[in-house]
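What follows is a pair of complexes built around subunit A, which joins subunit B in one and subunit C in the other.
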Partner chain A sequence: MKILKNLLKSPMFVTGLVLFLATIILALIGPYVHTITMERVGPQYAPPAAQYLLGTDDLGRDYVSLLIRGLRSSLYVGFLAGIIATTVGTLLGIYGGFKGGWIDDLINMITNLFIVIPSFVILILISSSLKDGRSLTLIGLIIGMTTWTWSARAVRAQSAALKSKDHISLAKINGDGTLAVIVKHILPYLASYVFMVFILQVASGILSEAAISMIGLGPLDTVSLGTILNQAKNNGALGDGVWWAFIPSTVIITVIVFALYLINTSAEGAFNPRLRK
Partner chain B sequence: MQNNKNIFTASNCTCEFGSGKKIVRAVDNVTFEIKDEEIVSLVGGSGCGKSVLAKIMLGLHHPTSGTFLYNGNPITNTKIHWREVQAVFQDPFSCFNQFFTIRSQLKAAFGIMKDKPSTKEMEDRVDQALLAVNIKPPEIEGKYPFELSGGQMQRMLLARIFILRPKVLIADEPTSMVDACVRANILDYLMKLKEELKMTIVFITHDIGLAYYVSDRLFIMHKGKIVEQGSPDEVTSSPKSEHTIQLLDDIPEIHRDWIVRSPSAKLAHPAV
Partner chain C sequence: MKKGKNVTVFLMGVLLSGLLALQSCGGGKPKEPTDESGSSFPRTKTLYLAGSQWGDPNTFNPLAESWQAAWPVGDRFNLMYEPLLAYNSLDGKIEPVLGTLVSKDNDSIVVDLNPEAKWSDGTPVTSADVKFIFELGRRFKNAATAFTVEFITGINVAKVDVNGVSVERLSFIVDKKGRNNPLVILDHLQAVRIVPAHVFEKLLSENNNDLSAVQKLKIDDNPVVSGPYNLETYSNEKIVVKRRDDYWGAKAIYGGKLPGPQYIIHPIFKSNDHFAIALQKGNLDASQTFIPRIWLKKKDGVSTWKADAPYYVPGSIPMLLINTTKAPLNDKNFRRALAAAINYANIKELAVSGYSPDIQPGLIMQSGIEGKYFSADDAKTYGVTYNLENAKKMLADAGYRSVFKSDGSLDYMTDKAGNKLPTLSIKSPAGWSDWEAMVSIAVKGMRDAGIDVREGFVDAGLYWPALPSGDFDLIMHKPAAAVTPSLPWSRFESIMSSRNWVPVGGDNKMNENQGRYNQPGTKEYNKAVDSLLKVIPILSDDAQLTEAYRQLNKIFMQDQPALPLCHLAEQYYEFSNANWKNWPDETNPYAPPLLPWIGASTKILWQLQPAK
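Then we have the complex of A and B:
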């Protein structure tokens, strides 16, 4: 509660939170206030008008419907990738840093291996090899499993620095086992890092999905903000001056990522008890 | 009354860190015995290996060669070991977790006990331990470590020892982070613990003057080796090692003029 109170005192955090909640609310209640339809509702590339607020696409589908669908998909993929990358990275990082020795060396080697192989290339290779069944969930899983290295790196260094602190020695001579030491005496110190890493991983998940979809390797089973951009690119909307085909989805992606970065930047002060007022 | 039972026995005990060319020998081939109810001081400059030796005694590090025995047996089960051997560390602020209240962390000490007392008894024992170090329990109620002063925090570490009542206490520079008044208090509490619990105390310090007053025996350490050991009088009156001489030379002397000019001297001798 104290942390939340402190977070709410930061204008940066409040701005980020409001923007992010706005996108989530739009994704959640959008289908209830606007009839979502994937059917043709008007002519090809009809400009925004009272009937179709953000115009129509090349197939005459309503862009508001497409954007709400796309936003839901992008948030889903971002959170899925963020949760996987943060969980895998944090667990491996903390355990390796705390244990040290050969376990740490092995985890470090695996992390370095994943770091030197460009994750976006892996993403492209896996996506392009899966012609059928390239679902949104699979894209999220692939993004999560190729980007956990950041979290592992950030958390490992912190965990290794913490393990030689006296409060860890004291916890050990109080009889706490490895799990209790990690959960009670290392994780709270890293909570701000883990939270910030998670926020960045969600943002990077959304961006990665948009990028991979933009080049035509996105999910085949649904619409995402990236696939909307891909469709606009393929149909030459940019050259034809059909701005409503790409600007709204670009703005939404930018707002989500910007909001997440604001939340991330403002979190440090709230998590560190010494910086609390 | 001391008896002749060996609490710690080290024979050619060495502890190294790192590997290959980067190997660091923190404790180098030390052999010593520490007897029951003795106060032994490990004295040496920074990086001489005294804290590593303290961690070996605690079972937090293990010797890489040689043997180290507690009550005649190697330290294998650390949980059982920590029921009898406990420690006070140097920096009281880094000893406590910043995210939990002091009281909850004092209660966490019961975790090492074989038969945990009831919640009511735990609370009572925490209160008694706080009173033993001259802190009224309401003073720390709901407080986090960073809300207390250095002296109060150091006393919290000692309160933990009053709760646990171990047989052996490793005191790793418990007075180095506090001012002179608090230092005297901490030493008083250590002596109180020694009297009440008949503890064996291993006192680690860089201050040979301080060690002289509190110890039965002094071990002088340099670069991982014990270069001299003996009673405080032996070591200070006829030092054999140049490192002991160096440590003795480094004790600051109060200038005669200062004593004469000091307010208490003027009160005692108004004519001065």
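Then we have the complex of A and C:
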């Protein structure tokens, strides 16, 4: 509770939180405020007007509807990737850091192996081996499975530092097994850290999805903020001065990621007493 | 505060190192020899054209498969290796290149070889060269031109006297017991490029008569060619060809004139959007790529064949092939309902920027050379046009029922017996934006009609193998994409022919009729289709020909084995007058709207003039 109070005192955190909640609200209640339609409502790339506030896309569809859909998809991918990357990374990191020895070496090796494989290479390989093509969930899974490495490394360092603390030794003497020690005595110490890792992983998941989709390797037959950009690029919207094809979705991506980074940075200040003002 | 400082220092470091990297890139490059304008290829003497080479140039071997060899050796490009004849897709006439068409009938096609024709090493082009390439398939099964031996039994050579000059007269004998198809032989005579037999026979004997070893050679070092240009240099960024000032055709065909541009450079762009920008900036003189909303580029001097919509000359039909062996797609009523559910006007306007006329049902275009076979009455009587209510009615009449979710969206569809039908998928290569848009519009209409179908965009690596093996429900395809003398026959053949019918599954492949329409041996088998396809190539009477085409088109419309979506150009043709002028267009139609390395369009090179 005290931490939350501390956090709310930080204008940076409040700004981040407000911006992030705004995007969540837009995604959640957008469909109730604005009629979402995937129908053709006007000509190709019609500029913003009363009946389509942010213009239309190459198929004459309303960009507001597409952006709300896209935002929902992007948040879904971001959270999915964030949850996977944080869970996998934290578990492996804590375990390796705590156990040490050859287990730590092995986990380190696997981590280093994954770090050098670019996620889009895996993406191309997986998508060409899958008959049904790339779904939003698959993209989220792949991003999660390729970005857990740095959370594992960061958490490992923290947990290795905790390992030699007195209360851990005490717990061990009391007969607690590895799992019990990790869950009861290490995780609580790292919770704030893991929270920040999670925030960053969500942000990077959203960015990765946008980047992968932008180059045409994104989810097929769904709208995401990245696929909106990809469609705009493929249809030469940039060359024809159709700014409404890419500015709004870029702005939304920027706002979400910016908000998450603000939350992360301010949380670091609140969690770490040495940085607290 | 401390942290902020660190970030600033870090950013400055990044900037500095970036600048340094840029600096070293610019300064370290060795300079190419240049003229006063600063380029090794002076702009006033160089033509920049693009769109025929997308990947890295791997080989310039004319015996390699035509899709493997780089521009201008692959495909049917004729700048280096020339064909016997050229087809003018505007007026349907056959124009002379290495040879002149003397006569064609159902027994043989007769061509006189130009006695002036010479290879770049000075030896004359003779019947031995022609025989070498056309009969290579008899010696080697893996020859890229092996398809020709199915159609001709042989080439007879006679010496005749034409206006006092001794000329080699070649008769391509139609294989009557085999395919019996003089129409396709005519296609081959303008597509197969003649190569120097003396060069390749020597290479074959050096390689123990192993064709696949010879096919692996790059043939990129001063190759022996007959055409007006020869390979100068190439890299992964561009291919450069240089004019041959001793080209035989200058005197023999073009009245002593050489082509205008001394160099032709084909820059290799990786993405479609580069072409429009390069054209608008005047860095590219002509291109053959899909550029959306071309009218917005006019202010920057980009022109097309027609000044107004549809801007291009229709020549090919992108369509959805249907796997007719799979329920419910094996029901022609279902297929006709699919055709009625597609909003063709939206496809024309949104997917292809209006580059198509309003299409008529059937496989025959209402305009151009094949327009004479088109019957508006038949299209009206037998064809299906966009009409959602009609599509729903057809489905209901055939016993299909759509089940909707509580929010009004389609859940699934049931067949006559009440069984739930699987979700159908339309396969199309991901990233081909115009095709993707066509598929999305088709899916939208079909779902509105209550048909459970979804987009199935797949990587191109999965798309191509799926086509011949029949691994699809519906699939995007553009059959008979090139305008050749055999159209529209070749279009019907590639969709309806059961000549090589094999079922889906295993290693079975069909290179035509990939939808497995009209299975022989079943009680639904319609014999008329294959017999019409067999008889049309040997019909010469126009009335009979029209009647046969009408019959075939009627069957197509009734059975709907595929869903034509729009009529697009054989090749998009955009040009800029910024550096070179006098490109052919609708008001000055001296050559077909193709880049000057295909068919009868090579003559454009002789008509271009520097703009400055």
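Criterion: the second predicted complex is superposed on the first by the 257 of 277 C-alpha atoms of A that agree within 3 Å, B and C clash if a C-alpha of one lies under 4 Å from a C-alpha of the other, contacts with A are read in each partner's own complex, and residues count from 1 in each chain.
One rule holds in what follows: contacts are C-beta pairs under 8 Å (C-beta built on N, C-alpha and C of every residue); 3 or more make two chains touch, one makes a residue touch a chain.
Only a predicted model underlies this, so the values are computations on that prediction, with no experimental measurement involved.
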Please work out whether A:Lys184 is in contact with subunit B alone, subunit C alone, both, or neither, and reply first, second, both or neither.
-> first
Once the shared chain is lined up, is A:Lys172 touching subunit B (first), subunit C (second), both, or neither of them?
-> first
Larger residue footprint on subunit A, choosing between subunit B and subunit C, goes to C
Partner chain in contact with A:Ala50 - subunit B first, subunit C second, else both or neither | neither
Classify the contacts of A:Leu4 with the two partner chains as first (subunit B alone), second (subunit C alone), both, or neither.
-> neither
Report for A:Gln231: first if it touches subunit B alone, second if subunit C alone, otherwise both or neither.
-> second
Footprint overlap on subunit A, comparing subunit B with subunit C | none
Across the complex, what residues on subunit B touch subunit A?
-> 55, 58, 60, 78-79, 82, 86-87, 89-91, 94-100, 108-109, 111-112, 144, 146
Spell out the part of subunit A that touches subunit B in their complex, as residue ranges.
-> 165-167, 169-176, 184-185, 188-189, 273-274
Of all residues in subunit A, those that touch subunit C in their complex | 38-40, 43-45, 58-60, 124, 127-128, 131-133, 216, 220-221, 231, 233-236, 238-240
Please give the residue numbers of subunit C that touch subunit A in the complex, ascending.
-> 272-273, 276-277, 280, 291-293, 296, 346, 349-350, 353, 430-431, 433, 437, 440-441, 444, 454-459, 461-462
